[in-house]
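Here the chain labels run A, B, C, D, E, F and G in written order, and each chain numbers its own residues starting at 1.
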Amino acid sequence: MAEEKKYDELTFEQAMEKLENIVTMLEEGDVPLEKAIEYYHDGMKLSKLCNEKLTNVQEKMVHILNEQGELEPFDIEEEK
Amino acid sequence: MKDNYLTVTALTRYVKRKIDTDPHLRQVWLRGEISNFKHHSRGHMYLTIKDDNARIQAVMFSSNNSRLLFRPENGMSVLIRGEVSVYESSGQYQLYIREMEPDGIGALYQAFEQLKEKLQTEGLFLDDQKKKIPAYPDHVGVITSPTGAAVRDIVTTIERRSPSVKITVLPVSVQGPQAVSSIVRAIQYANAFSDEYDVLIVGRGGGSIEELWSFNEEAVARAIYDSSIPVISAVGHETDTTIADFVADLRAPTPTGAAELAVPSQTEQLDKVSYFVQRLTQVMRTDIQMYSKRLERLSQTYAFKYPKQLIAQKEQELDTMLDTLNRSFKNRVEEKQVRYTHLKKRLSTQHPEQEIKAAADNNHKLTTQLNRSMKQLFTNSERELQTSINKLTLVNPLAIMARGYGISYNEDGKVIKSIKEVDLGDQIDVRLKDGYVQAEVQKIKEADDSGGRKEI
Amino acid sequence: MAEEKKYDELTFEQAMEKLENIVTMLEEGDVPLEKAIEYYHDGMKLSKLCNEKLTNVQEKMVHILNEQGELEPFDIEEEK
Amino acid sequence: MAEEKKYDELTFEQAMEKLENIVTMLEEGDVPLEKAIEYYHDGMKLSKLCNEKLTNVQEKMVHILNEQGELEPFDIEEEK
Amino acid sequence: MAEEKKYDELTFEQAMEKLENIVTMLEEGDVPLEKAIEYYHDGMKLSKLCNEKLTNVQEKMVHILNEQGELEPFDIEEEK
Amino acid sequence: MAEEKKYDELTFEQAMEKLENIVTMLEEGDVPLEKAIEYYHDGMKLSKLCNEKLTNVQEKMVHILNEQGELEPFDIEEEK
Amino acid sequence: MAEEKKYDELTFEQAMEKLENIVTMLEEGDVPLEKAIEYYHDGMKLSKLCNEKLTNVQEKMVHILNEQGELEPFDIEEEK
């Protein structure tokens, strides 16, 4: 459980890095079988996490700083 | 005559006055190559200007050389404005340089090169000074003109690649007198919110060197360098390189390129994740299969049959050994038995009974022989004795006379054996069995063959 | 019993290595009878142990894959 | 008695070697009769010992095989 | 009597050797009768001794074989 | 008398030889009668001596045979 | 008389020889009768002497045989 939470706090980048490390370790082949299945488990969890992070598109806008120093939406289409 | 001689000083002054008063020599435009350049510690520059055939000593005082946009170097071709005069103490004429600029290249280039060199010397371009561009930024600051293709390219590219990344445009003038300060201010503004921005893109679209010049200004370069937020530069086109490009943490060839460098592609990332999953699963599967095969191979090796075979083999060995033990022991005992039996037979043939019998026979025979030979001996003796006695009896003289015989003796006592031994009238004695008769020879007759007598 | 415990504490790789050593020794063939049966016994136990561990890992993997499957039809067998 | 004990401590191979030595001595033929019966006696004891050891080992083997039999059918081939 | 004792201490082979010497001497035939009878007497005694020793060894052998017989029929082939 | 003792010390063979010599001398016949009877006397004594020795030897023989007879029939061949 | 004594000292053979000589002399016949008678007389004495010696020997023989006879019946032939 503690681990799961820790996973949730990871950035996408950290999760990817962890995942990649796990893959690399497993591929290098020096991991004992029982450890490997643990890593595998972790890797699968991380992959799920990364997937979620990638596909979860938050509400987002492009902003521009106006002359008053405030951010306002920036719509690039208008310029065309 | 002696008074006609000039002093050196007088001559030199004369020559100097002549030259100084020549209006052509007051304003000289000269093209030549720098050599023997020496920047004196007090600020003046001493140098020689030469061409292929001639050279001239020159000096540029610090009051003049402080305005130089470039730093003179030996071998450099230069355009010079100055005046010619004489330096009395050495009696040499020389060129006093007022202005100097490199021959062939413009002053802007010179300034670019010199700023580049200066900042480089300061270490602003060093790789270890560069900040790492985050691989997965959440928020990108775009410092450029809010109008034009550059901002559009950047924003659309980022939205396409990473829909989840925030974009904030920090609008600036990218050319004109306000440009430098506007850019510097925007960078500093972003840095005031350095937690917000993961990366900054600073740049503009393509243009002339003069249009891009703001990005060659030292202030802009230093602002980029000082930024704690990683900066990607994207100025002009691929061929244009500005000081900002050198000092930025990452240089992009175009604004679009900057956007691509700033954010990852979501599709690629998803692919990457699923590739990782695939590799993970592959590794696990391979491992499990490999181990299964290894385990299976191990379980089916000869080794697991070995103990059974070993037992069987040992059984046989033991049986053989036991047989051999029994056989060899029996052989040993039998050998001894046979030897014993043989000896016993030999001993029994040596049974002394035969010998005893033989000895007894022999003894008996000898005894018999002894008896016989003794008896023989005795008998022989007895017989011999008897023979002798018989013979003695035969010759018993008394026995002969008993039959009527007598023995005649002459007077000499000799036995008369023939008629020829006597004469008539001889006296003879006749011995008879039981005594003597005395007689006289009266007749002698010879006996004839018929037993008759014949008178002689 | 002490030995059994010791075996339980082995990792899969250690158990495999032990098993392999035993196999090698037995295959070399110069093993005394009593030693051979001991080795055989150990080998059988280790083989059993390895088998269990491997089965266990395989089950875990199937379980993880199924979990994963909810979000993505990733099936190790089907990829072949 | 001391000898008996000593025999008990022999390995199968050692006992076999001793037995073989005795057989060799008997086969070489110069053994005095009384010595021969002693050798024979020793040989028989050793052969009995070897026999016991073999029986023992075989029983162990049967036992191990039975134990093994319970879990046997892990066979990667069958899974295919 | 002293002689008898001495005979009892002889090994079978020593007795056999003595017996053989006696037989050889007797066979060579130069032995005086009284000596011969003595030799013969000795020979007979030795022969008796050897006989006893052989009988004794054979009895022991039967005894050992009987002892052995109790455990005999262990045969790996029969199990097949 | 001195002679008698000397006779007692003779072996059977010596006595027989003496006897034979006497017989030969007597048979050759050159022995004076009185000498012959002496020889005869000696011969007879020797014969008696030999006789006694033989009797003695035969008695021993019987004794030995009796002794032997008690244990006789050990014969390894009969076992076959 | 002197002669008589002398005769007693003669052996049987010597006496016989003398007797034979006398017989021979007498047979040759050249002996004067008186001498012959004397010889004859001597011959008679000698023959008597020989006779006595023979008788003596015979007695001794009988005696010896009798002595022998006491132990006689050791006769290996008779045993058959």
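The rule is short, and it goes like this: a residue touches a chain if its C-beta (ideal position, glycine included) is under 8 Å from a C-beta of that chain, and two chains touch if they have at least 3 such contacts.
Note that the structure is a prediction, hence the values are computed from the model and not measured.
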item	value
Target chain E, source chain B, minimum contact steps	1
Highest C-beta pair count, chain pair	A-B
Chain nearest the overall C-alpha centroid of the shown protein atoms	D
Farthest chain relative to chain D (centres taken as mean CA coordinates)	G
Computed distance of Cα centres, chain F from chain B, in Å	97
Between chain E and chain F, centroid-to-centroid distance (C-alpha), Å	34
Approximate Å spacing (C-alpha centroids) for the pair chain A, chain F	135
Distance from chain E to chain D - Cα centre to Cα centre, in angstrom	34
Junction residues of chain B - those touching two or more other chains	274, 277, 281, 284, 288, 291-292, 295, 307, 311, 314-315, 329, 333, 336-337, 352, 356, 359-360, 367, 374, 378, 381
Junction residues of chain C, two or more chains touched	12, 33, 36-37, 40, 44, 47, 51, 54, 57, 61, 65, 68, 72
Interchain contacts, given as pairs of chains that touch	A-B, A-C, B-C, B-D, B-E, B-F, B-G, C-D, D-E, E-F, F-G
Chain B - residues contacting chain D, complex	289, 292-293, 295-296, 307-308, 311, 314-315, 317-318, 321-322, 324-325, 328-329, 331-333, 335-336
Chain B-touching residues of chain G, taken from the complex the two chains share	12, 16, 19-20, 22-23, 26-27, 29, 32-33, 36-37, 40, 43-44, 47, 50-51, 54, 57-58, 61, 65, 68, 74-77
Complex contact set, residues of chain B against chain C	274, 277-278, 281, 284-285, 288, 291-292, 294-295, 298-299, 301-304, 306-307, 310-311, 314
Residues on chain F engaged by chain E in the complex (per definition of touch)	11-13, 53-54, 57, 60-61, 64, 67-68, 71, 74, 76
Footprint of chain F on chain B - complex, ascending	333-334, 337, 341, 352-353, 356, 359-360, 362-363, 366-367, 369-370, 373-374, 376-378, 380-381
